[in-house]
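Heads up, there are several structures right after this.
Next come two complexes, and both contain chain A; in the first it sits with chain B, in the second with chain C.
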Partner chain A sequence: MRESLALIIKVAFRNLWLYRLKSTVIAGLLCMGSFIGIVGLSLLHDVEHSMQDSIISSVAGHLQAYSSKAKDDLALFGGAFMGRADVGTIPNLASLRDVVKQNTNVADFIPMGSDMAMLGRGNELDETLTSLRGALKKGETDIIAQRKDELKFLFLQLERELTERAKLSADKELMDRYRADLNHALEPDFLGTLNALDEEKLLFLDTHIAPISGEKQPIYLMYLGTDIQLFKQNFPKFKLVEGEPLGPGQRGILISYKVRETQLKAVVARLFDELKKRIDRVRVPIKGDVENERAAADLPKQYQQILSSLDRHKADVLSEFLKSIGIKPKSAELITGLKEQLQEFLQVDDTNFQERYKQFYAQIAPKMKLYEISPGETIVLRSYTKSGYLKSVPLKVFGVYTFEGLEDSDLAGVMNITDLITFRELYGEMNEESKKELEAMRVASSTVVTDAAGAEDALFGAGASASVPSVDTHPVETKTDSKKKEILHIKPVISDVFPESEIQKGLALNGAIRLKDGSKIKETRAELNKLLKEAGIEAKLVDWQEATGIVGQFANIVRLVLIFALGVIFLVALVIINNSIIVGTLNRTKEIGTMRAIGAQKSFVLGLFLAETAITGLIGSIIGATLATVFLFTLHIKGIPAPNDIVSFLFSGPRLYPTLQWNLVMTTPFVVSLVATIASIYAARHAAHVKPAEAMQEKE
Partner chain B sequence: MKPKHIVLTMTLSLNALLGTKVSAMSEDETKKLIAIIDEKQRSTGDYASIVVIEEWEKKKDLKAKDPYDLKKAFEARVYRRDADDQLIILFSKPKAEAGKGYLRKEKTLLLYEPALGKWERQTERASIGGTGARRDDFDESRLSLEFTAKFVGDEKLGKYDVARIKLTAKPGVEVGSPLLELWIDKNGQNILKREESSLSGKLMRRLLYPAWDKMFSKSKNADVYVPKEIYTYDLLEDEKLTKVKLQNVNLDSLEKNMFTKAWIESQSR
Partner chain C sequence: MSQAVTIEHVSKVYPLGSTEVQALRDIHLSFDTGEFTTVAGPSGCGKSTLLNLIGCMDTPSRGEVYIEGQPISKLGDKELTRLRLDKLGFIFQSFNLIPVLTVFQNIEFPLLIQGGFTSKERSDRVRELMEEVGLSAQAKQKSNALSGGQRQRVAIARALVTRPRIVLADEPTANLDSATGERIIDLMKAVNQSHKTTFIFSTHDPLVMKHATRIIRLRDGEVLEG
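== the complex of A and B ==
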């Protein structure tokens, strides 16, 4: 037996050399299969882990808990159809937290609630008018003069804009009215004599001039209300990049770096950034790329954004700078001249882009308001409460945050973070004091409350006294004097601080659960479900993948695609191996017949063919595994760059550094040669069944 | 007093004296009736009142004894100077909203946030405090200026004989709703019911006016009619009811410089 095996191997090696071309093709295919298998599975393993890390360490935690009465599934990054999902509420987060924390594998429970808010915006004129009004109130003469000059400059720009609009507008009456109002504001006496708080003039500017400039589109901001201290402790990727942290018990908001860069930055700067990123990172030039060409074509249209944020002095300085780089104004008048200069400056191509980018950030950006929101400012967030009431909450912007390594990710950076108390306020959760106040008003009300169908009968049916005036003519003198109304005592809508104990209890929409041992998600989930059931808490648990909706399913999709691709490659390789053995058998009929004629058993022939495949497979796949090891080792050092923001989320950073999976390197060659050997059984059996007589016949 | 107003006031008085009933109306008569409605509510001088806005939502339990829950309530002071096309709505209750104010000058509506001391321009359709009540519910009646009226027919509303009139917004005029229907009491010549529809004809709001106040205005030298209560049903949103109560209506002249940002700001220091 041993001698026979040694002979089979010896003959097999001889045959492999004899038929070396065929052997090389088969070995090459299995080498490729082994290489793709090791590299593909290693990368999939790394991507899955990176993505899991991105999600778990940014916002989801290992598990998420939310109401079992929820009408929609929880989707932390939004569902397939963006909208307001009804995920129910956790009315008392303290009881849920207490139950969850009974499990020894639970590290922490972080309460959350998220929704969308609007950010109202005025135009440049509104901002300048507000500033002028403030200066007039305080009698700050220098600022008054400066703002008045800015206003005049803006009026002149508006005058030119209006001339252009009048050419396109069908509403001549409106354009004439705008023109008349603007002419009035441009009269030398109008601004010239505005040195004290003249409410009439200011109201005219607010109501007749500022609206001409139009309104900016409102910005929609996703916000996540949470216990910020717990959030920082449990999501290690969280990093403050600008401003100051939000301390315990402080109300405020942290703006996402990504949101600020993509939604709150001046469009002109965003277009420069977009081009810079694509040219430098993706290495796509402007010419020939549709996306880059579109951005480059949009740039010159943004001159107005720069122009309207300048005062006369800044405009002068900028015009001089543009002259110094060879962009001369065609018109002597400052605004028209600068407009032409800016339009020329903003025309970029592959030859001048890098220079213009540097010049923009060095000379133009510092003269503009680059961001809508910056740390230190107070903004008003408006959001529809659960009952549809538009609630507004003023909030101080403390800082700008990001998730380390995920700076460019749209998904991880979609949320702006605020405290849980602010979330509750915007969600329409009334505090005890408000509830008492509403109850008092309800008691005082004498409303006939019926549905729309019954209302007419209740109010106008027999017995109702409607149209006939219920109060006879009476002179106004008997009425109270409105002038004597007392001043309202305003309680700040929400104070800047809150007792920390408030976020330990009360309402939340969901909660992230961080585990000590993340590999035990399934077991911990089952244990927690049992605990919740026993405690009678109406909450359900989902893992990070389910909680992130369509994003979480992405890992499964990637895995399926890769496995399918590997399957196809292997199938093709096996078909080729089989065919080549069958063809080889036909070519070697004479040889097989001779072997059989001199006493070789069928089993010898079968073993010979299987041994040939096994040896070829082993050699090929070991070469493949060696190449895969070298390749992955190189990638591990250099890293794979993420070509776009979605991939950077999958990579959990701008580059993926693959790790070598030694178990894959060791096992794959054996698995590949085994599969190839098993696949060649049919062909080998075919060879073993060649009859010596037939082989001789063929010879004749 | 302008001659047009004298004629309308005389028509109004005659109608009241003779108890003239409105029957199927011609285009001119319909137009005149709408002008009378505007004229009855027109106050040449200033106007002040305290407005209570309550928002009631239908309970989920349809068999509940009280079918509606009070979800929110506001109290606000409303000041109008129609001659200058100016309006102020200043909130006094609840505490969290106190000091918030709307200031309208002609077409522009500004909102004051006292907690921030900031002003913001609002859209024409902006609802008051997020309720079913709108800014134009408290404004001067300008139906004859903004709409074209068409008589639909005579009807009965409860115990009242009413004339049903359809109004379509005139081209280029900015209004809250482009299509209206009014049910006008033929005797009292006050609006009892008003329905507002979108351009596509979709019914959006139903307003019921169960009681009107009449008071004498010195500046107008005639009576001014003011609704005491308005019941507004939001027909798009599960019949949400907004009830507006107008109290302490006052036609006394207001401070000269009242319709300014400074005045509203001064109210909430």
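== the complex of A and C ==
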């Protein structure tokens, strides 16, 4: 037996050598298959782990619990962008938490609720007026002229808007009044003679013109209300990059670094950033790239944004700086000259971009308001509550946060983090004070409150006229409330602090569950489901993969694609192997017949052909595995750069350093040759059926 | 003397398209141990068919073949193969060496299939036979580097290495020039004498025929004499 095995192998080797071209093709295919298999599965394994790390350690936890009455699936990173998903509510998070925490593998339960809100952005006319007032006070003639130009531009814009609005509006009287006011402001004399602190004119602009204009285009912000202390403890990737942390019991918001960089940054800076990233990271030059060329063409148009945030002194310093780098003004007048200088400065191409980028951030950015929101400021978030009313909540910005290693990722960092109390407020949940106030009002006006929506209606409807700042039923577009300034001095209904006990109970939408042993997700989930059922709590559990929708499924999708590709390679290899055995059988009929005639059993012939495949397979796949090892080792040292934001999320950082998986490297060659060998059984049996009498055939 | 091969009323019919070819008709023969017999006759008379049946590579359409008294019609492929391996040796017209193996390995081949020998035992037997057929110097050569006569000597050594009781040779000299052919027959004769091996070989060459101790003449599938 041993001898015949040795003989088979010996003969097999010789045959492989005799038919080396064919053997090389088969070995090459199996080499490629092994290489792709090992590299693909290794990378997939790494990506899956890093992605799992990204997701679990940033916001999802191992499991997520949410209402079993939810109409939509919970999608932490997607889905909600398109509209507001209805994931139901957890009316009492305390009871859910208590049940969940009974399981010994549960490390923590972090209540959450996320939704979308609009950022109130104020009125451009108001801002320009404030700036003009300052310039008038200081007597800065250039700036005054500059602001007046801006005002005139805004008036003309308003005039056009008003024409459109008049067509739709039923309130003809109001429209006529607006037009009369606007015409008055547009008279050449009006702005032309406004060179000193003329309170009468300024008041007219404040009270008659400013209210005509609407707010700037609103920005939509995703926010995630949670117990921030718990959040920090359980999501190690959370990192504050600017400002201060939100302490226990404090109401406020932490802005996402990514959101701030991409949505709340001055356009001019964003264009610089965008170009820098594409040039350095994606390595496409400006010239010839449509996206880059568009950004470069947009840049010079942004001079206005820089100009409007400068006072005379800063403008002077900047103009001098631009002169020092060889950009000279054509006009003698400071502002006009600076405008020309900036237009020239913002003209970038592949030769000057890196330098201009540096100069912009060193000299210009510090002089302007770079971000719409910065720590220390107070913003107003508006959202439509469940019952359809618009609610405004003032909120202090404490800091800017990011998820470590995921700074560039669009997926993990789109949520701005706030406290659960603010979330409930925006979501429409009433706090104790709101309820009490409502109660007081109800008694006062003896309104019969029949349902929650009606109650809110009563509260908010009355609220506007009763000067309650936290609630505001005015539509965003028109603002006729001239009492706005007084209102701001009234103490808001929602306090800036809250007793911590309030976030231990009450409403949440979902909750993240961190496990002690992350490898037991399935088991723990089953145990928790049982506990929830026993306790009669209407909540369901999803794992981090399900909770993150398509993103979580990414690894599975890639795995399918990879397996499909490997399958195709193997199919091709197997067809070639079988084909070559059948052709080989025809060529070697006499040889096989001879072996059979002089006493070799069918099994010997079968073994011979299988051995040929197995040896070819082993040689090919061992070479493939070796190449894969070398390749992965090189990548392990160099790292694979993430070409874009989504990939950097999958990599859990800007580069992926693949790990070598020895068990994969060791087993793949055997699996590959085994599969190839098994698949060649059919053709080998065909060879074994050659009759011994075939030895007699006379053709050589 | 005991009988090496007995053939009783054997007929062989080959299907040929929609008709049949009667290759052998009611053959009745027996071969004694140690005989040096030739089966002679023109091409197509059924020599190969007869040797295939004796060689257990095919089964008769009718009748029975006995190898040392054992009827072969009841045997399955495995047993027939084993029988060929243990009791029979084969020499072919076109030598049929395994091209990828050396002279030594070709001769050793049946011993390896048979199993149960130490490598020294194998080597001794192979060397002995190589000497006997005069090929000791060519042990490490690939078979395709040899002349026709040398190849047939390797084939003879291979046929003898398992010490078979019967050696069958279907036109062993047909692909050789007459001088070489004669020397091959002389070698077979010598082996027949020294090992007492039964030899049955076919030929249509009268020069070769005359070396045989017994001549069986076939014509159209029937025995004319013998």
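What to note about this one:
Simple rule for what comes next: the second predicted complex is superposed on the first by the 508 of 700 C-alpha atoms of A that agree within 3 Å, B and C clash if a C-alpha of one lies under 4 Å from a C-alpha of the other, contacts with A are read in each partner's own complex, and residues count from 1 in each chain.
Just so we're on the same page, contacts are C-beta pairs under 8 Å (C-beta built on N, C-alpha and C of every residue); 3 or more make two chains touch, one makes a residue touch a chain.
Every value quoted in this text rests on a predicted model; they were computed, and no experiment measured them.
Of the two partner chains placed by superposition, only chain C is touched by A:600; chain B is not. Once the two complexes are overlaid on the shared chain, A:290 sits clear of chain B and of chain C alike.
In the superposition on chain A, A:7 makes contact with chain C only, not with chain B. For chain A, the partner touching the most residues, choosing from chain B and chain C, is B.
In the superposed model, A:637 makes contact with neither chain B nor chain C.
Taken together, the two complexes place no residue of chain A in contact with both chain B and chain C. On the chain A side of its complex with chain C, the touching residues are 1-4, 6-7, 10-11, 14-15, 17-18, 590-591, 594-602, 604, 691-693, 695-696, 698, 700.
The touching residues of chain B, when paired with chain A in their complex, are 48, 52, 54-58, 66-68, 70-73, 75, 77, 79, 90, 92-99, 105-108, 110, 113-116, 118-121, 127, 129-131, 157-160, 172, 185, 187-190, 192-193, 206, 208-218, 223, 225, 228, 231, 233, 235, 237, 239-241, 243, 248-252, 254-255, 257, 259-263, 266-269.
Interface residues of chain C facing chain A in the complex, by the touch rule stated above, are 48, 52, 55, 57-58, 77-78, 81-82, 84-86, 89-90, 92-94, 96, 98-101, 105, 109-110, 112-115, 117, 158-159, 162, 170. Across the interface of their complex, chain B is touched by residues 120, 122, 126, 130, 133, 171, 173, 197, 199-200, 202-203, 206-208, 210-211, 215, 378, 380, 384-385, 387-392, 394, 433-434, 437-438, 441-442, 445, 447-452, 455-457, 459-462, 464-477, 479-483, 485, 487-494 of chain A.
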